[in-house]
Amino acid sequence: MASAEQSKPRLLTGKLSKAGMLSFLSAQGILIFFLLSMFVFSFFSEQFLSQSNIMTVVRQASIIGIIAVGVTVVIIGGNLDLSVGSMLSFSTVLVVDLHDKIGPTNAILLMFVLTLMIGAVNGFLIGFLRLNSLIVTLAMLSAIQGFVLIYSGGQNVDIADQQGTWFAFFGRGYVGGIAVPILMFGLLAIVMQVVMSYTGYGRRIFAVGGNPMAAVYSGIRKNWCVFSTYLISAFCVACAALVLGSRVMGSQNNVGQGYELLVLAGIILGGTSLLGGAGSIWKTVIGVLILGFIQNGLLLMGYPYYIQWIVTWVIIILAVWLDLANKRKRLFTTHS
Amino acid sequence: MSFIKGFFRGRTSIQPIWVFVIALFIFFSFMSEYFLSFGNITNILVQTSTIGLVALGMTFVMINGNIDLSVGAILGLAASLAVGLQEVSMTLAILAALGSGILLGALNGFVVWKTGVNAFIVTLGAMLGVRGLIFLYTDEQSFFAMNFAFADFGTSTIGPFPVLAIIFLACALIMHLVLTRTGHGRNTFAVGGNPEASIDAGIRLGRHMMINFIIVGFFAALAGVLLASQMGAATPNLGRDYELWVITAVVLGGTKLTGGYGSIVGTLGGVLAIGILRNGMNLMQVPAFYVLVILGAILISVLIIDKKLNAPSAKEVRI
Amino acid sequence: MFKKTAIAVSVIMMSITTAQAETTYRIGITQNNVGVDSYQTTYESAFEAAAERAGNVDIVVLDAGGDVARQIGQMQDLIQQRVDAIIIWPTNGQAVIPAIRQAHNAGIPVVVTNSKIAEAGLEFIAAFSGPDNVQQGISSAEMMCDALGGEGQIVQISGQPGYTTAMERAGGFEERLAEACPGVELMETQPGNWNRERAQRVMEDFLTKYDRIDGVYSGDDNMGVGALNAANGAGRADEIIFIGATNFAVGYDAIERGEYYGSIYQSPVDDAEAALKTALDVLAGEDIPKMNFFETPKITAENLEEFDRPVF
């Protein structure tokens, strides 16, 4: 439907005369914007396009990216997950603390199990009890942060032998010259992109998010679908915690604070609608990378870190607006 | 049983959140010798006035079917302006602070109205961006009011009643009347309940949305100014996470996130519930770590209870 | 040891002077943000333990969670409860002053602990007890100067913007460095917000931006170890001198391994005990100085064994 409309651009009302241009811009807008901003930054800073800088930015963005992959699935399914920030703190503190107590393998396994259990609680409350996802995950954001502090007693946790442990692989290792966090981000993104686009499961999630009633009438078990998206989200958080814990080899109790917003910003910037039923993983990947490069580029240009927030404000709204304007074939809404 | 359900469903004179508030009140009166005193109760009112004022505006926005995540940042900006511009003039400082809230609210509302972008996205962007503006304006520094007159206002009383509590309760009364007795209030419900139908009915949907964003922007700024006067100072991080507490309070008060349903009386109950919980747990010396868990658990419990109470009626309709 | 004796002595003194009534003091404390890092958490348990030992003290322990407004609310709650003294670990050096003034006007003595408040508020407090953060910055600058031999390019990772401790350490460091070591250039300062992961990211950006970095000064060891992690990851740790403050266990270990040059030894236990002692002295009506600093010596590989490994 959307593609059919895009193929026959018509003259638009108001100030928009070049409909084809707009259509093209918004279909590929985010990619064009990405390349354009890279170009501008490389103009102002010679280090910007250096290989080491690009690798640094992508590696830094990969923690947010890994989480964003999972949250994108939740959003496509028609819900939100604000609890990922606290969940990241929880999982990181857990895996780092347990590392020295029960060994890396057991620590990782236990961390995954417990993180998935939190995901299951989210999924149960939202999928089966049909509670509002915004409020439930907001409440979980607070509760999980409390659990982290109770668990650690408020102490930082550290891994004693930072050099000797193979746990260092996840955050500091390289395979074929590429940092492991980047590989994990890429791998998760590709797998989930394939799952969402080419499997029945993916189609069901789209259906549930797009039109829940129709999905139920066509025999989709909506409860289980929603439940499963929160498991995926929790799994991604657990993967991010591996990277974060291994990168820092220690953890503060609030290490994940605010991540939920950065994740959402990346997803929205990529163009996934918060209404559910639409979106894609690769768009999220681009959105997260744009955020990373903007942050890095502005820093290299010598601007203080908070300027990126103002820039993000403007481009998030512009990106979503352009997308909408293309779909409805006019720049502004008509109602008064 | 059906009596209890009707009672809890809010159709009768008392809303469920108020039952909870009264229960909390009785509980803490027994648990702490310091709780039940005039001084402590006015303290609770003063402490909740910040979240409370913002929640009044947020109730309008949420009944309208929108949400505003930028209130914490607007509050912070207004506080910084109110203190930072005092060296020029006190009047100018307060006007600029309130003006910034109205302006940013209008901007949010206008963007939501004209572009059709989801309010969640628009205000999430603003939440980041306005915080950036604060850091830009303050250069990451805290501001301190040189004369204590400003701070004295924040802690002053009329008779035995603190000024901030009076302002909060007066605003609550006014907003209650605006919501229940004016055309704007009725249209806010109509738009939130069914946007398409309200357009068909000739309601100027965009305008009402924008007015509501201006209202919440104003109240966020007012709360910022009053909070700054309480402290005689402003910090660049002020108001961080307040949007979460405000939304929590409004939802506890029974306002539906989907729009079309809610009340100021309920919001007042929601705000008081959080305020009493915090104050009571402080007095009982509950460790801060547990407070986070308890608040989360209560919020989820309220959602579940609300769902259970309302579920049977939905089924009846379907049959 | 001296301090413990001092507390014991002051407690004995008080129990003598108030022997007939056997007064129990109620002291309220509102802390900055327990749980955000180990220093604050250890401080809290040390404070509770010290109060336990003192015997005649009833404490009300509150935590502001880093939120200024909540701390002011807690001050009001404590005034409302008519505690005998309030100890405050300010979330912000300026914004808490009116609340301190309120307590002062209500006749409740206020002791500020750990982090100073602005000049304007000093007249309302009974005393300050804590480390001298300006001096810490100066000491760090001297260590940096020694380590680099007076020559080099360095970067700084500072604490939370707007937080007094962060500003004082950075101020002391920058001023002393310029005066003692004009050959060392401070190229850039970015905040690490007392957060190790954030400091690590800041350092990674520094490392791509600057081809030559000779030294890093971090506002505390928690951030310093983050910077060390980043340099290790880039394979450039050997060429960089790391200097921090508030020696954490991870920093202590890194000094032992020779990866980290030096830090400032600051014990949260000393900090907490000094705060309680100061409050008790004030309540006993003793004549004490307004500013009470406890010792925070330099710690490097040379004198490492003189200090116990920090418990946090």
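By written order: A, B and C. Residues from 1 in each chain.
Simple rule for what comes next: contacts are C-beta pairs under 8 Å (C-beta built on N, C-alpha and C of every residue); 3 or more make two chains touch, one makes a residue touch a chain.
On a predicted model such as this, the values are computed, not experimentally measured, just so you know.
Peer 1: Let me spell it out: compute each chain's centre from its C-alpha atoms, then which one is farthest from chain A's centre?
Peer 2: That would be chain C.
Peer 1: Which chain pair shares more contacting C-beta pairs: A-C, or A-B?
Peer 2: A-B
Peer 1: So how far apart, in whole Å, are chain A and chain C when each is placed at the average of its C-alpha atoms?
Peer 2: Centre separation, chain A to chain C: 36 Å.
Peer 1: If you average the CA atoms of chain A and of chain B, how many Å lie between those two points?
Peer 2: So the centroids are 29 Å from each other.
Peer 1: If you look at chain B, which of its residues touch at least two other chains?
Peer 2: 135, 140, 288-289
Peer 1: Where in chain C do residues touch at least two different other chains?
Peer 2: Within chain C, the residues that touch at least two other chains are 34-35, 191.
Peer 1: In chain A, what residues contact two or more other chains?
Peer 2: Residues 149, 154.
Peer 1: Which residues, counting only chain C, touch chain B once they are in their complex?
Peer 2: Interface residues on the chain C side: 34-35, 60-63, 65, 67-69, 72-74, 76-77, 80-81, 92-99, 101-102, 118, 120, 161-162, 191.
Peer 1: How about chain B: which of its residues touch chain C in the complex?
Peer 2: Residues of chain B touching chain C: 34, 37, 39-40, 43, 46-47, 50, 135, 140-144, 146, 148, 151, 154-155, 227, 230-238, 240-241, 278-279, 282-283, 285, 287-289.
Peer 1: Quick check on the complex: what are the chain A residues that touch chain C?
Peer 2: So the residues of chain A in touch with chain C come to 47, 50, 52-53, 56, 60, 149, 152-156, 158, 160, 172, 244, 247-250, 252-255, 296, 299-300, 305.
Peer 1: Touching residues of chain C toward chain A in the complex: what are they?
Peer 2: 34-38, 40-42, 44, 190-191, 195-197, 200-201, 204-205, 207-209, 222, 225-226, 229, 233, 248-250, 253, 312
Peer 1: Using the touch definition from the top, list the residues of chain B that touch chain A in their complex.
Peer 2: My answer: residues 111, 113-118, 120-122, 124-133, 135-136, 140, 199, 204-207, 244, 247-248, 251, 257, 288-297, 299-300, 303-304, 307.
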